[in-house]
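All chains are identified by letter, namely A, B, C and D, in their written order; residue positions are counted from 1 within each chain.
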């Protein structure tokens, strides 16, 4: 008989939390046993999220290491960066495996982390042992990891677009650009004026052009793929939608490399169940992945020139957060990679 | 070993079609074998709906009675009213069971149909045999039906709100109002200027106050529940959202009937897996049912007066169309009522 | 030579403030000389609201009675209820006329105010002298007022719809309902989770069915029109749009009153430049008034029955707040009623 | 006494038409005397566009050269490309001056036009005499022009961003990219499935990466500014909003040119009333120009590298169409450049 994985969610009152609960409600082999939230402790989860009425009977609890360690085989950590690195080690020390959705264990170079996040890292030993959880790159290490650092939403969309080009060594190091548009849920569930419907709806704006915290994470991944240091111009945008990232990734081809781009992408992701390389000439919309763990990619080379354009779309809360976290969990526990994630996107 | 139901979709290129395909992709006991579309014949389904890439390998076919009759145990009919009544009988005559999502078989009184739809009914014999597919009212008849007339979206939301009050005989016949707001997908996938994003977004308007085609269908259902003729004021609205119906249903209580309203609703729907009577004082949002087959109801009696207000929310494409159709299919074939429909709503 | 009115805005960093600044930028006879904001003091107005770059050169200032009294002929008060009643009297005592956009001076019956707003009224003497600023009812009193209480957004839309019916005495006291839908800007510019784009977009929900603070204000106006106490069922909704109120107002006709409803409305508002009675059978959308001071009304009597339905649309920030405030200012200072307000709505 | 300009609109039932009518309703020196529309002839303009009730009393008329020539000093041509070139010459021959909002007279090289628009040009002589109506480049020629070709929406936003860089000769010819996001009104008012609210809302997608018709128009303008042929990678996107273009324009600096970029932009547009160079570090949103004729620009040079990023936002229907057309009219007739265009953007 198959056993059921006991799962905890540390910090479950944000969008990551409710999305994990939605996905895990349909997971055949995992069951959520604990959900914590400092502010909402004592409140039934389904009171805060009526969408989960009938699906989740739990109450939010105060975070408690003993409770999590005893009741869970794996904990998803959904607390913010700066908090995660203080709470995760105690769980790991008790033998619980962790998928951390914060940024605290994503950047291997502690100095870079501390520069961008303006904090001294509280768990450098675990930072060294953390595995970066992009399954399309790191599956073997993820399987064995005690601690998986789940990638950010922008980094997921952008890395998947550039990886085949960098690994094949066909693009120039200069002129790499990611122009990325995100839905407002990427800004979290905490109330902020600029994310109000009245502000963000029916409008579009860039932000963080001078430097966004996802940039070092992306450059780390791109540099690993290239085998050398890679710099990127990264321009994130707030788009007037709930979910979705649309990343346009630009690079200049080196030499005569352009002919086989479509094949290159199809070969690179042939074994990746959640990366869909679209037919040539495609323009995938974020709608086509909404609610699902897919990343759809389309490769273009306008007028046959040096410029290559890769369109990359994901649902920021699924492949960009909770879905990828479940994909990592599946790999860590030897479950089918698609368990709990085999539902089609919602259209319209 | 369990057999798999072979399902056809007649007219599958609209929102009803793509939603049936999404739901059935996750159904454990049904498989879509044929999807027809006159305009799109020959085109892969996943080309028109990239959300279904990897889920649906079929091409749209020309509608063909032989093909449907031989290849399917049940056909969902998604062609428009006026067309369905010409195409459905041939299937029924071949022994295929049908769930018709058009309006053609919903209104038992042929004269009323012909008045509102301005067409002579082409299949009056089948109209007499059709079963109105609101499972919360008609489950026994649905189980045995050859032809189920799947209710309209507004009629589903409005009837479920009024049924307990009418069946219990606690409201006046005068002053019944349904003020209902629908997302733009209720207008279908055919291009119409007033449904353009540039027109319908960031705006709100009523329509059809003088008389909407869903009104006779609603009044038929309400009259059956009341055991006498019931008239309703029905004001539909186009709301600037994709999916969802929010129906506010107003009635004046007769006598001292108000005390037990919450109990009345909970008792009425205790055995209905898809009707969720919310706690007193609730205000369910359409978001709380998006993508799911739930109807959530909340009963209010402001300041303890005669006026009762029932808030009723559904996803117009699921409980208001494709989901209810699958619920009917499940009943017709003795499957668990929730098969294929047991996924939580999507939030945010 | 015509003089220019010197105008101050007390509490100018919310939506009321920015909308007053937008409207007054185009006013031929008024100039904003002072804008206050405690939190934003010292910040250029155009930094917070880039839409005003080139139009407003002022900085937000700390609120200061002397400064306002000396620099302004009129002050618009945009601070929240509970605060306004503490700040407005000092200005009035210095001879500055005030249009207060908070709720503090709207409800003449102090006990009712204190019941709904849970505060002891701090300026009962001024409450007695305040004039309710609905120009379609109160123009003579507004002209002479020192203090005008600018109506709420819902109350404006709902009162204009019911006034002709109540004044003419053609409707029953029972069964009066206002089912009103508001854009998210009605909730203000302060960050609140339920008003986030990710929460409020693509969804619809009612709120405050048990009792909304605008209800006593509406009932006060309706009762005055009727000459006797009138009770209303009021159900407000949050609609997924930025601006706009769509109020559906329902009443039951007494006797044979229905024939001349269209004439009744046209006659009632014949002299009101900002109330547009649409042709019979119309369904005005909120889009048709966006950015303008119009209220558009359409009167329906479905199937010729007792039920009358008045559709009423306004822009909640213009006719529902800042525009009406400017209309009141114009009346108070003998300017043309439409000064600064004669711009067409924005479509699409 | 000042005379009033008599203005006609040829093809006035689309978004360009209604926006011209909105702007001209507030123009102090121009009056619309004729509006044509083949499909809507005989219908009052305010019936189709209720937002114009009280502002426009005209009916749509059949297009008629005599009527336009006799009744108008200037005609705005709002018919589609391919049609305009057949209708405009007759007006010009009668001495009426024309601002054409179609693409028919924008591209000076007839062969390029015919390649991209798949039509033989019907009026090559007038094509030679047409003046490209980007006032920030061409004011002197516009003043004297009989025929002004009003720029496209994307071309306006993109050219204004690149002009200072190209004129100053500080960027490389390789790696120029415009990643542009447009609201759905850019696709026009004609019903198309992909522009339905249910399709386009809450989603984002690129289109035309292989080649969009605005590309040759943009490259023509950029090449003129550079004094040599310039190639651009242009990726347009459909963003889920009504109005607005957000263009991110990327280029690689040549040599040590970066230091004075902010000054360069401020100097270039110092005399341009409708181009607002924002302070360093700014991220203008499309909301900040909604309903206005402004283009706001922000220049960035992330981490001080070679890559320059210019953010450019306009309202596609104003500076990208009708507003710029009125700006051109003002120049052609010696009116103040800002006449009719001096209203602030609408926020929120």
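By definition in this document, contacts are C-beta pairs under 8 Å (C-beta built on N, C-alpha and C of every residue); 3 or more make two chains touch, one makes a residue touch a chain.
In UniProt terms, the chains line up like this: A, B, C, D = N-acetyl-gamma-glutamyl-phosphate reductase.
Just so you know, these numbers come straight off a predicted model, no measurement behind them.
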**Item:** Smallest count of steps, each to a touching chain, taking subunit B to subunit D
**Value:** 1
**Fill in**
Relative to subunit D, largest Cα-centroid distance belongs to chain B
**Geometric centre distance via CA averages, subunit D-subunit A, whole Å** = 39
**Request:** State, to the nearest whole Å, the distance from the C-alpha centre of subunit A to the C-alpha centre of subunit B.
**Result:** 36
**Item:** Whole-Å separation of chain centres (CA-atom averages), subunit A against subunit C
**Value:** 45
**Fill in**
For subunit A, residue numbers touching 2 or more other chains are 15, 183, 185, 189, 198-199, 201-202, 240-243, 284-285, 287, 290, 348
**Request:** Could you pull out which subunit D residues touch subunit A in their complex?
**Result:** 174-175, 177, 179, 181, 183, 198-199, 201-207, 209-211, 231, 233-235, 237, 239-244, 246, 248, 250, 252, 281, 283-287, 290, 300, 302-303, 305-307, 309, 311, 313, 348
**Touching residues (chain side subunit C, partner subunit D) in the complex** = 15, 18, 21-22, 25-26, 49-55, 185, 189, 201-202, 242-243, 276, 278, 282, 284-285, 287-292, 294, 296, 317, 342-348
**Complete:** Residue set of subunit B touching subunit D in the complex reads 15, 183-185, 187, 189-193, 195-202, 240-242
